[in-house]
Amino acid sequence: MSNKKTNKLKILNDPIYGFINIPNSLIFDIIEHPFFQRLRRVTQMGFSNLVYPGANHTRFHHAIGCMYLMQKAVRILRFKGITISDDEANALYMAILLQDIGHGAFSHALEHSIVEGVSHEEISLKFMQKLNDEFNGKLSLAIQIFEGKYPRKFMNQLISSQLDIDRLDYLQRDSFYTGVKEGNISSERLLAMMNVKDDELVIEQKGIYSVENFLISRRLMYWQVYLHKTSLVAENMLVKVLQRAKELAKKQVELPCSTAFRYFLYHEISSHNFDDNTLKIFSQLDDYDVLSAIKEWVHHSDKVLSTLSTMIINRNLLKIELKETVFENSYYKEKQQKSNLKYTQKETNYLVFTGKVTNQAYNTKHPIKILDKLGNLKDLVAASDQLNIQALTKPVVKHFICYPK
Amino acid sequence: MSNKKTNKLKILNDPIYGFINIPNSLIFDIIEHPFFQRLRRVTQMGFSNLVYPGANHTRFHHAIGCMYLMQKAVRILRFKGITISDDEANALYMAILLQDIGHGAFSHALEHSIVEGVSHEEISLKFMQKLNDEFNGKLSLAIQIFEGKYPRKFMNQLISSQLDIDRLDYLQRDSFYTGVKEGNISSERLLAMMNVKDDELVIEQKGIYSVENFLISRRLMYWQVYLHKTSLVAENMLVKVLQRAKELAKKQVELPCSTAFRYFLYHEISSHNFDDNTLKIFSQLDDYDVLSAIKEWVHHSDKVLSTLSTMIINRNLLKIELKETVFENSYYKEKQQKSNLKYTQKETNYLVFTGKVTNQAYNTKHPIKILDKLGNLKDLVAASDQLNIQALTKPVVKHFICYPK
Amino acid sequence: MSNKKTNKLKILNDPIYGFINIPNSLIFDIIEHPFFQRLRRVTQMGFSNLVYPGANHTRFHHAIGCMYLMQKAVRILRFKGITISDDEANALYMAILLQDIGHGAFSHALEHSIVEGVSHEEISLKFMQKLNDEFNGKLSLAIQIFEGKYPRKFMNQLISSQLDIDRLDYLQRDSFYTGVKEGNISSERLLAMMNVKDDELVIEQKGIYSVENFLISRRLMYWQVYLHKTSLVAENMLVKVLQRAKELAKKQVELPCSTAFRYFLYHEISSHNFDDNTLKIFSQLDDYDVLSAIKEWVHHSDKVLSTLSTMIINRNLLKIELKETVFENSYYKEKQQKSNLKYTQKETNYLVFTGKVTNQAYNTKHPIKILDKLGNLKDLVAASDQLNIQALTKPVVKHFICYPK
Amino acid sequence: MSNKKTNKLKILNDPIYGFINIPNSLIFDIIEHPFFQRLRRVTQMGFSNLVYPGANHTRFHHAIGCMYLMQKAVRILRFKGITISDDEANALYMAILLQDIGHGAFSHALEHSIVEGVSHEEISLKFMQKLNDEFNGKLSLAIQIFEGKYPRKFMNQLISSQLDIDRLDYLQRDSFYTGVKEGNISSERLLAMMNVKDDELVIEQKGIYSVENFLISRRLMYWQVYLHKTSLVAENMLVKVLQRAKELAKKQVELPCSTAFRYFLYHEISSHNFDDNTLKIFSQLDDYDVLSAIKEWVHHSDKVLSTLSTMIINRNLLKIELKETVFENSYYKEKQQKSNLKYTQKETNYLVFTGKVTNQAYNTKHPIKILDKLGNLKDLVAASDQLNIQALTKPVVKHFICYPK
């Protein structure tokens, strides 16, 4: 690689971490690749900016932040005597950079409407394999780690576990940009408490209060931010718009939209036919395709499509109610009837709907392991000095109903 | 207005200021208006996020921030004994909220290509007048203040002067989101130092070092951020893309784009024919129209259009050089010839170009006035204890040349 | 009061909150009083700066911060329609400013050695009464509120309850100055969620996650900061030094120290004889008296006194172990014997000792009340959607042993 | 060194930088040394906390912060290809840690009264030499660098120059703790712009705006904070107290104070007799000695001593006026006469006095060197695109007069 290139972009500014170094030219070239540059046009938090106007940060920035934290993690673990070769370190940087590259625009909405049955993890893997071809196999180790096939288990756990680098960055970043200060965690302290025992990622005992705080902060972010009722209703309305668009496409109704978006609207894409060509088109699809289509659909002759699109664009959303128990069918009927005074039944089917959201603050299946001073491992629940953590394993479910104002 | 509405959205979260209150339901309704909601889809800093990945904040957020600072300013001035009626305060809030509403997507690029000869201030005024009709004249006083026609001169100076609320917010906000800490100013201290003397906005003597710091920080932000060479080249490439698109449109070449964007590409819009209908269409135009069009033009058959569009989307920009003197014609020719090895002359005309940028840190025409302890007013330059401020009045010019790598 | 005085000090800078206004000249005069100025020389966190070098903030600063938050609380409650007269508001400001004025230097250590049996709350009340005399009864209402005798119960709860202004400020402030980010809470959001129902201070339902986060952050601050083993051992060593000094004083051994400190060392002060003269001398006692005495005692002929004093000054502390169960007597004996190799038995009695610390994250006796959307009150434990809060009511006890290295 | 020790204190929390690592056990032992621990009891900003209540940070914390920045500087310079051996790096850490160790309590006041004619730099050197003896010569290289005798000139410039590590830390730290946001600089960016050319420390061209901002911020901190009139008058009153105490001591009047302070009050210490024993006693002298003595002197029979001491302790200071020209003798006489109405002439001599303060924002004698893209060095003044820097070379002088209210 030319020297020029390595000098071109060595440092990135991050309002949270300060200066971020790009460790070498291979990483630099991956960041420069159009696949990765696409993430500049995909926001991390979708419609959360309708509630928290500062939350416009991108998946690009989050991925770069993850790489920064991974560099710190490697430095800390090495300092504690854990051997990590330069190749392994590099693989970790690539794996964390690329783990979320498969996220589409408004990811969760799209997964429920456009590319049903293909998870973003699968698409991330496809991207990595494609990049591995282009970069002559230099991503092989990163892919092994990402897939959990590399023998040193803690490396996969750094990428994907209940206390992984991804979560450390997104909680801190989302808290920062939304201004929800309570969501803030100390990623620096959590990293400093990490260690490796029997090839497993563990947290040293004195870090237990930080882990507890991390779980509670994450829980707060879920209910106060990620599942905030305004973003929830907006996202569900987007699902409805996309479902309607899909229906119209099946009937060959013309829908103004970008070439890439058209491909996914007018084809049935599943894991069976998600081939290289699909991947290439997927790599051209971002927030701009989806939102600019919806902006056009404001003027569409289909009433369902135009009504929902207008509501989204002007932030004049459906009303939403949340509660801990299922909504009675009679209440649902009542809202339907009220809607029918203004809308046809067909439209009402898109405007009055129910659903539920769940959050489990702590999952005992793949527990966080605590390393005590004597070198023994305990599950977090057992290590905690209170019932507190146990309490967090109970999934919390909330039901919602949406209807026109 | 229904009580429900006033309760719906009273507080907004700002990562910089904390909680921002919306003072009343009239202001609330203006913020809810689609004209204002459009600002959610217009970034404050255009292509600066290509250099500073955190800089994705919107004009919506900036306008809300300005309103917050204006509330502070009113509170401080009233505390100092300056009479400001509730109507005047409200007018100030509306004026500062709406002063920038006329900014289009990638404002500066568009002003040089699409809506030539119509400044964003003029468009802001048109929006205000339109809203004034809709809100039965409740914006009349705000418009008077905005236009500088209200007798109490300091109110216009709060909206538009060398030390206005707009600048206080954008410097702090842009510094925050880019992570360029030196750009940070203390808007709180500057507001605390504001006073009114003979109906003019003045700064109390002890605030002189803060003013000096404000000017230097702004100067730094210009050269380090706003005119950073990467955003500069990207913005200039966008101007070229739009000029090319405009040319093709004149020849009736088909250009995929949104309905609103199409209107501005296929019509010649100037101040003479910028009518109500134009305003309505303008109100539908934002970053999503422009960027999603450019994404489509990547596949366009016109080589100039597709080359520039691809470069922008993949952040694979032209090379740019900056210096304090004009580039020699021979150097320009040399770059053209080198370009011709790869591109046709027609393409080269769009890919090799020069230009200049200017910044004047302090303008003596409408000076910042300093109020000394005896109640006398001095111009800032005279009040300063050094030549420092005088030095800042000299405009700094830098010349640039862009060409293919 | 002269106008000059009101202008002399209107605004204070706070690194956390920004500018703090002193609301009026009565409050200003209280702050200027030597009783209150003494708080400039009493650190908030005692020996915590031996672990967290940034933690040198004073009780003065904390009290000023509380006043700021109280101003916010009054503004928010008034905005929600709760009537608070100007006299009541003023009384609240005075009560929160003065509630902790009775804290002595290294408060907890002194309470266990020097002024045994007189709580800092009692001394605060004495100070308030004395100030009330000097200010011609202008503090009467503040005292009523502080004592819980004013009929509007929520006012006392703002001063003293499980979610009072004192805690909101100290958690945020201690977190800020120690750099322990996880201790950070959003005092702004908690204040915004406050309301009054049936004259009781309540939290609106949507604030429940913030309350939960507040409790967990406080718990973390206890175990990670306030009860950090290094500050714990230092504080316990200080208790030992003071006990030894007291013993020597009883035997009329000469102890170099300040006049004020001498009074408390050479007299037995209890609630029975804590009169006006004692209060006056107490008002001259601060961190400087205690630490400068200990510095002198480094050179004292009494070995116990000089050994412990030297250890504290040079931060060469005893070793400390903590665990959840009581230390076996045999282990204690073992440590004593080891100490006897180097020290006499008399000295060992001061150098080897055990103790325990307790923290209860949430107390059900005076519960935090949650106000649901229908206007009903629930206890926090019942309102929570998990067992989480219930779990926090269990007191956590840790036992410690200290001995020479 | 035992392994235990190295593990005891590896990480320190800094509210500004986050976690600070102590690089090795030698550095750890120096920090643990009583000489260095004394800095925990010396505040960085003296009486500035009378104006900025948050400014209680210590010289200990500042020195640790400098070590952190030096670690960064070494990492950055090595990354740029500058060879720095591990021994050199260690010497730099020790030199920066210890460069200010010679500062006494209320340093500037003491230098004008107690240890006249011995600069804190000389005392720092004495401490280093003493430590070098104790640590078997391991500080020799650090001392060479500190004294400017090591051939690699840039190393001394990192310790002491117009843009040294000391300034980078104290500006950022003092700005942080006072809450004066405009004083904030980006030490991270300035470090990132550092380079070495011909063994000189230089700043790369693109860092020029940051340097400019650094100079302006420093200037602002001088006039707004360091030379704030309230701290100025307090510090000058302290000089007067100490001068009076010295006078009384000469007459063998008894002054209650600590043993260490007594030594300096009752002896004439100059560079001629500042021997090892003096150094040992100096190492026991800190803020606690000085302030606790002044607290005792409140009750002293000498009226001058007690008047000034009472004023300082109760923050009931003399009035101060500042202006750019010398105060007329007639004005001074007038203030003396007014003082004589209340005080004797002897007392008035201590209560009415004049003086001046100076600040030069940029000194051309040892200029900051700018490295342009072609590898050429320019002085900062020449490299700047404006007259701005030149203007900053002019010293600004302000005269003051103090007198009783």
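Per-chain numbering from 1; labels A, B, C and D assigned in written order.
Simple rule for what comes next: a contact is a pair of C-beta atoms (placed from the backbone, for glycine too) under 8 Å apart; a residue touches a chain by one contact, two chains touch by 3 or more.
Please read these numbers as outputs of a predicted model, since none were measured by experiment.
Enquirer: Return the chain whose centre of C-alpha atoms lies at maximal distance from the corresponding centre of subunit B.
Expert: The most distant chain relative to subunit B turns out to be C.
Enquirer: Could you tell me which pair, C-D or B-C, is linked by more C-beta pairs in contact?
Expert: Here the pair linked by more C-beta pairs in contact is C-D.
Enquirer: Averaging only over C-alpha atoms, locate the centres of subunit B and subunit C and give their separation in whole Å.
Expert: Inter-chain centre distance comes to 49 Å.
Enquirer: With centres defined as the mean C-alpha position, give me the subunit A-subunit C separation in Å.
Expert: That pair's centroid distance is 43 Å.
Enquirer: In angstrom, rounded to a whole number, how far apart do the mean CA points of subunit C and subunit D lie?
Expert: Each chain reduced to its C-alpha mean, subunit C and subunit D end up 32 Å apart.
Enquirer: Quick check: what residues of subunit B touch more than one other chain, meaning two or more?
Expert: Residue numbers touching two or more other chains: 18, 180, 188-189.
Enquirer: Over in the complex, which subunit B residues touch subunit A? Could you list them?
Expert: 12-16, 18, 32, 34, 37, 40-41, 43, 49-54, 56-58, 60-61, 64, 176-180, 256, 258-260, 284, 288-289, 291-292, 295-296, 299, 313-316
Enquirer: Could you list, by residue number, the parts of subunit D that touch subunit B in their complex?
Expert: So the residues of subunit D touching subunit B come out as 180-182, 184-186, 188-189, 209-210, 212-214, 216-217, 219-220, 223-224, 324, 361, 385-388, 390-392, 394, 396.
Enquirer: Quick check: in the complex, which residue numbers of subunit A touch subunit D?
Expert: Going through subunit A, the ones touching subunit D are 11, 18-19, 188-189, 192.
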